[in-house]
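A single structure is presented below for examination.
Letters A, B, C and D name the chains as they come in the text, with residue numbers starting at 1 for each one.
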Amino acid sequence: MSESGINKRKTEHIRLCLTDQVEGVNKSTGLEGISFIHNALPEINFHDITLRTSFLGKTVQAPFLVSSMTGGSKLAAKINQNLAIAAEEKGWAIALGSTRALLESTAHQESFLIRKQAPNSPLIANLGAVQLNYGYGAEEAERIVEMTEADSLVLHLNSLQEIFQDEGDVNFENLLPKIEEVCKKVSVPVGVKEVGFGIDGHIAKQLHQVGISYIDVAGAGGTSWSQVEKLRSNDPLRKAAAESFNQWGIPTKDCLVSVRSHLPDVPLVASGGMKTGHDAAKAITIGADMIGFARVLLEAATESVESVLQVMEQIELELKITMFGIGVKTLTDLKETNRVEIMGKSLMEKS
Amino acid sequence: MSESGINKRKTEHIRLCLTDQVEGVNKSTGLEGISFIHNALPEINFHDITLRTSFLGKTVQAPFLVSSMTGGSKLAAKINQNLAIAAEEKGWAIALGSTRALLESTAHQESFLIRKQAPNSPLIANLGAVQLNYGYGAEEAERIVEMTEADSLVLHLNSLQEIFQDEGDVNFENLLPKIEEVCKKVSVPVGVKEVGFGIDGHIAKQLHQVGISYIDVAGAGGTSWSQVEKLRSNDPLRKAAAESFNQWGIPTKDCLVSVRSHLPDVPLVASGGMKTGHDAAKAITIGADMIGFARVLLEAATESVESVLQVMEQIELELKITMFGIGVKTLTDLKETNRVEIMGKSLMEKS
Amino acid sequence: MSESGINKRKTEHIRLCLTDQVEGVNKSTGLEGISFIHNALPEINFHDITLRTSFLGKTVQAPFLVSSMTGGSKLAAKINQNLAIAAEEKGWAIALGSTRALLESTAHQESFLIRKQAPNSPLIANLGAVQLNYGYGAEEAERIVEMTEADSLVLHLNSLQEIFQDEGDVNFENLLPKIEEVCKKVSVPVGVKEVGFGIDGHIAKQLHQVGISYIDVAGAGGTSWSQVEKLRSNDPLRKAAAESFNQWGIPTKDCLVSVRSHLPDVPLVASGGMKTGHDAAKAITIGADMIGFARVLLEAATESVESVLQVMEQIELELKITMFGIGVKTLTDLKETNRVEIMGKSLMEKS
Amino acid sequence: MSESGINKRKTEHIRLCLTDQVEGVNKSTGLEGISFIHNALPEINFHDITLRTSFLGKTVQAPFLVSSMTGGSKLAAKINQNLAIAAEEKGWAIALGSTRALLESTAHQESFLIRKQAPNSPLIANLGAVQLNYGYGAEEAERIVEMTEADSLVLHLNSLQEIFQDEGDVNFENLLPKIEEVCKKVSVPVGVKEVGFGIDGHIAKQLHQVGISYIDVAGAGGTSWSQVEKLRSNDPLRKAAAESFNQWGIPTKDCLVSVRSHLPDVPLVASGGMKTGHDAAKAITIGADMIGFARVLLEAATESVESVLQVMEQIELELKITMFGIGVKTLTDLKETNRVEIMGKSLMEKS
C-alpha cells in the first residue's frame, strides 16, 4: 500500500474510533464478573494512598500506559504530543502507534519523535509483527528504537485486522523464529501485544520462550477491528463478513487469567476495553501489572493536553477511591486483597 | 465546612433523595433471591398475628426502625417531628440524622429534640465515626445522648460518602480504638451502621469485639451515596468518578448472611433498600431482628404525620400478610420457618 | 357480606379477569422449563391418536376440566350454560364456581343447575373451605351436592384471596378436622383446590390423610388474586400491599412435581395458568392426570357455546399435535415418554 | 391435493420465506453456545487455507450444500437454475426441492432438470418419506433419480409440516421398512433429512440401520414450518395451534452432537438456521461434514446467478477468516481444533 494510502487509512481509523460503533456487539472485557467487597472500616487515610510502581526499569506515578495509537500524519503529531506532554506530567508510560511509517517516509517523522515532550516516561515504539514477513527485520527494528529513543519495542499481532483491511498483509507464517531474532538483536526489551482480540497463556508462553519481555494482552471488550473495518470497507463482501465477527476475541479478563496462570512472573499489561480506574483495579487483582488505555484517551488527545490530563486524573481518582473503598494503600496490597469477588466466588470466604 | 455549608448540603441530600435517581444502577438488595413457599392451609386466624418484639430494652409493636436521616434545619425539624409522632403512635423505633450539628450550633436544635413527641419509642442518636478523627470523642458523644435523651447512639461508617463529597473528611485511620473508647464511656448501648454500602461479618466482628452492641448493615440496593453525590457535585472529575461506582456496595442480603454467620447472637438491623413488609419478612428469615427504613419514608415525612402513618401501616400489613401466607403467627416462628426458598434452595426439602 | 354484595364482587371479578392485568408480574407456571424432543420418525398415524381417559368414575373424551368460575347471577348463568353445553359436547369435566350462594338465596339458583345441559360430564360443586369456620358443615355440603347433582365436591383454599378482599373471611384456624368431617359425611368424592397460589406436596399429603380424593393444585403463573383484588380494591393501603405480592405463589409446575413426589397415586389436576394443549402435554409428563382451565375459557364463555367449543377444539388439537410430534398415541404413552427435557435434563439420555 | 394446489402452496411457501416471520420465536440453533478462541499467532498464510473436501464420491470446493427448496413452477425453474449455475461455479453440492411433482405432471419438468447447469456438482433429488404410505415406492424413487440424473436421493421427514398444512398427509405409520426397501433398490446412496425440526441420534441410528447413507439434521433455529403454515393457514384453529409450536424442534447444534455420538462415522450434514461461514465453522467442530443452507440463499436465488454467487463467496470468506483466526489451514484441522469453547467449556484447557 502506498504511503499516502496508509495515511488515509490511519486517519479513517481515528475518525471511526471517535464514534462508539467500533466496539463489539454484546462483547465485554469480562471484568464485570469481578466486584469488590466494600470495607466499611478501611482504617486508612485516603491521602496516604499511592499508585507509584515501576515499568521498563523506570518509576511511574501510576500503573498506567497510553496504548499504541498513531503516528505519521499531521493529526497524529497533534495527538501524540498531547498524549506525551500529559503522560510526562502524570508520570504514565506511553506507546507510539506503528512506527513503520518512520522508516518508509520522512514526512511527519516528528509525529513519532515525542521523547523531548516526555523525557522521563517509559516510551515504547511499535511495529506489526507480520512486517517481519514483508521485508522488516532486527535491523529495521533497532533503527526505529534509535530514532524514537524508546525504552522498548512492542510488536503487535493483528492477523484479523489485516484480513479485514482490503489490502492487508496476511502471511503470518513462521513468525516465531523471526520474533526470536528481533528479541535477540534489539538493544531494548521487546514486548508483544494484540490489537483487541487478545493473547492467551499458550501463545504468551511461546512468545516468552523466544525472548519476549512482557505481554500486553489487548483483549476483546473494547475497540474491535472487525467493527472498524466493517465501517470503513467499501467491499460489500468484506463488510458483511466482518459483521459476523462482531463477537470475536478473547475477553481481556480471560486473557489475563490465562497468561498469568502460564507465566506467573512475566510483566503483564491489561488492555482492551479499559475505561476507568475501577476497571484497572479489577485487572490488577487478577494479575495485571500495568493497565493500557487506547480509545478512551483518543477524543481528549485530539483536543488538548488539558483534556488528556482530565481523563488521566479521573482514572487515577477512580483507582484511588476503589482502593479506599476496600481499605488498601498500595498496589501491592491491592494485588493481594481478598476483598474481591471473582465470577461469584468471594476470596474473603476462603480465608 | 461551615455550619450553613453543612445545612445546605443536607437540604440538597433531602431534595435529591426525593427523586428516584439516587439508587444504584442494576444494583439490588439481593432479597429478590429469597421467596416464600405459599401455605395453602395456614391453620391460623389472620387476626391472631402479632408483630410485637423488643429493641434496646423496650417493647416495640413491630420490628421496625425509622433510619437516620436528618436534623439541623427547618425542613429537618418538620421531617423529624412527623416521623417521631408516627413512630410513637405505631410503636416503632426511631433514629436521628447526624447529631453533630447539635454541638456545633444552637440553630435548629429543636429539630433533634424529638423525645417529647416520642416518649416511649426507642430513640437513637447518630454521629459519623470519622468525626472521632476530627475532634470528637466520648465526651461529645455523651453530651449528644444527654441532649437528645436517646436510648442509644449509633456511629455511622461512611468512607465513600465522604470521598464523593467535595470537601469530605477522609482520614479513616485508626478508628477502631476510638470506637472502643466511645463504647466504654458512653452511658447507653452504642451501635454501628453504614449508609448504604454495607457492613460484612468480618468488620462486624471487629466492631463487636470493641464493644458495639448492635449492627445496622445499611447495605447496598437502596440509596447510593455515590449516586447522590454524583448528582450534587459541581466538580466534573468527581461527578464522572462517582458514576463508575454506581454498582458499589455489599447487597443488604449478603451483609445479613455474612454478619449473622460471624455473630450468631448480636442484635442485627437490616436496612438499605428496604421498601415493603414483604422485604422485611425476607430479611427476618435470614437473621435480621429489626428492619430499618430511610428513603421510603422520606416523601411522606415531608408531608404530614398521616402520610407517614399510612406508609407504616402498609409495611405492617404486608409483613402480616406474608406471615399469613406461610401460616406463622409470631416473628419467632417467622425466623424459623422452612417455607422459604433462598437462592433457589428450598428449606422445606431439607426436612 | 350481603348477598348482593357478593354478587357485585363476583361480577367485578369476571369483568377484571377479562383483561390481562390479572396475571402475576414476571411469574410463570414454570412449564416453560419443560420441552419436548421432536421425533422425526413418529411411526404413527395422526388419526389414531386418542385423548380418552376417565375422571370421577366417568369416561371423558379428553383429560380436560372447566375449572370453577362462577354462579349466582344472570351473567353467571349464561357463562355456566355455555360452558356446560360445550363440556357435554366435547366430553370434558366441568366445575361450578362457589356454590355458597345456592344456599344463601334462591335468586339465580338456576345458574348452578347445569346438570341438564351436561348430563354425562363429570360435574363438580365448589365451596370455600374457610366457610367451615363460618357456619357451614358437612350437612350444607351434602345439600349443595344434591341440589347440583354433582359427581364431586371440591373445597377451595383461598387464604390470600380472602385477605385482599376488603371484607374477607380470614379465620383459617383448625380447618383440617372439619375437612375430614366433610370427606367422611358427604356422599361423593371430595377434592381440594387452591385458586392460583398453589398446593405443595406437604399440604397435599395432610389433606389426603383426612380423606381428600384428588388434588387440584391451582398453582401460580395464571390468574393472580392479589392482582385481581389490587385492581378491585378502593382501600389504597390494601391496593399497595397487594402490589407487593405480585410474584407470590408456587408455580404450577413445582406444585405438580411436589404433590406427585409425596402422593404417587392420587388423582392430580394441573391448573393455574394453563393456556394451551401444549401446556397440558407438559403437565401430563410430570404427573398430572387432568388439566383445568379457568380464565382462558372465560371470554368465550361470555359469548356463546360456539366460542367455547372453538377454544376447546384448539386445546385438543394442540395436545394431539404435541403427541404426534413425539410419536405417542395415548395419554398413557405420553405419561411415560422420554422424549422430554425437564429443566435442562433430557429423559432420553437416561436410557 | 391437485397439482395446481401443490403449486400454489409451494409458491406461497417461497413468498413467505422471503420474509423474516418464518423463524421460530426465541429459538436458536444453539450454535451461539460455541465460540472460537482467537489465536494471536496463527503461523499460517491466509492464502494457503483450503476448503476442499468430498461429498457423495465427488470433490467439492467447499463443504457446502444448497438445501432442498423448490421445483415444479416457473418461479421454481428460475430459482433452481440460478442456484445450479452458482453451485457449479463455486463447486458446491446442490439439492432439489421435492421431486414428487416430476412424476405427477409434465408441466415445469425442466425446473428439476438442472444437471446440464451443474454437470460436476453432487446433485440430490428429494422426496417426502411419507409418500411411501401414499402410493410411492422404490420404483418411483428410481425414476426420479434417473430423470434428474442425481447422485443421491434424500427423503425428507416432515410430520409436523404435514399436520399444519390444511390437507396434509399425516399417516406416518410403519415408514421404516419402506425406507429400507428404497435404500436397497435405488441405484444411488439414499440420505434422510428433516425440514427444520431436527433429527436426533436415536432416530438417526434406526435410519442408518435400514440403509440410509447420510443424515442431514435440518434442525431447529432457522425456518420453522409451524410458523410458515401459521402465516399461510386460513383455518383459525390451525393458525392458533401452530402459534403454540413456535419453539418446537431440536436445535441444530443438539442434533449434531446427538447424531455424532450415536454414529461416529456416518456423513453428517448440518442444516437448519445456518447463515454464515462462521456458523459453518462451529458446526464442523462438533462433527458436521457438510453444511446445508436453504432460506439464506432464497432471496438471491430469485434475483440472479450473481446474487447467489455473492452470498456463497461471503459464506466461504467467513469460514476462511474463522480458520485464519484460530490458525488452521484445512477442514481436517478445523475438525480437530481445541481452540473452541463449547457451552462454556474450553477444549484448550483439557490438554
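FYI, a residue touches a chain if its C-beta (ideal position, glycine included) is under 8 Å from a C-beta of that chain, and two chains touch if they have at least 3 such contacts.
Chains and their UniProt names: A, B, C, D = Isopentenyl-diphosphate delta-isomerase.
Just so it is clear, the model here is predicted, and its values are computed rather than measured.
J.: Would you kindly state whether over half or under half of the residue numbers at the chain C/chain D interface are used by both copies, giving same or different?
T.: Under half of the interface numbering overlaps between copies: different.
J.: Expressed in ° and rounded to a multiple of 5, what is the rotation angle of the C-alpha superposition of chain A on chain B?
T.: Rotation angle, to the nearest 5: 90 degrees.
J.: Mind checking the centre-to-centre distance between chain C and chain D? Centres are C-alpha means, answer in whole Å.
T.: Distance between chain centres: 44 Å.
J.: On a C-alpha centroid basis, what's the spacing between chain B and chain D, in Å?
T.: Result: the chain centres lie 63 Å from each other.
J.: If you look at chain A, which of its residues touch at least two other chains?
T.: Residues of chain A never touch two or more of the other chains.
J.: Could you draw the chains as nodes, link the ones that touch, and say if you get a line, ring, star, complete or other?
T.: Graph shape here is a ring: one loop, exactly two partners per chain.
J.: Over in the complex, which chain A residues touch chain D? Could you list them?
T.: Touching chain D: residues 157, 159-160, 163-164, 170-176, 194, 197-200, 202-203, 206-207, 220, 236-238, 240-241, 244-245, 247-250 of chain A.
J.: Which bits of chain B are touching chain C when the two form their complex?
T.: 35-48, 275-278, 310, 313-314, 317-318, 321, 324-325, 348
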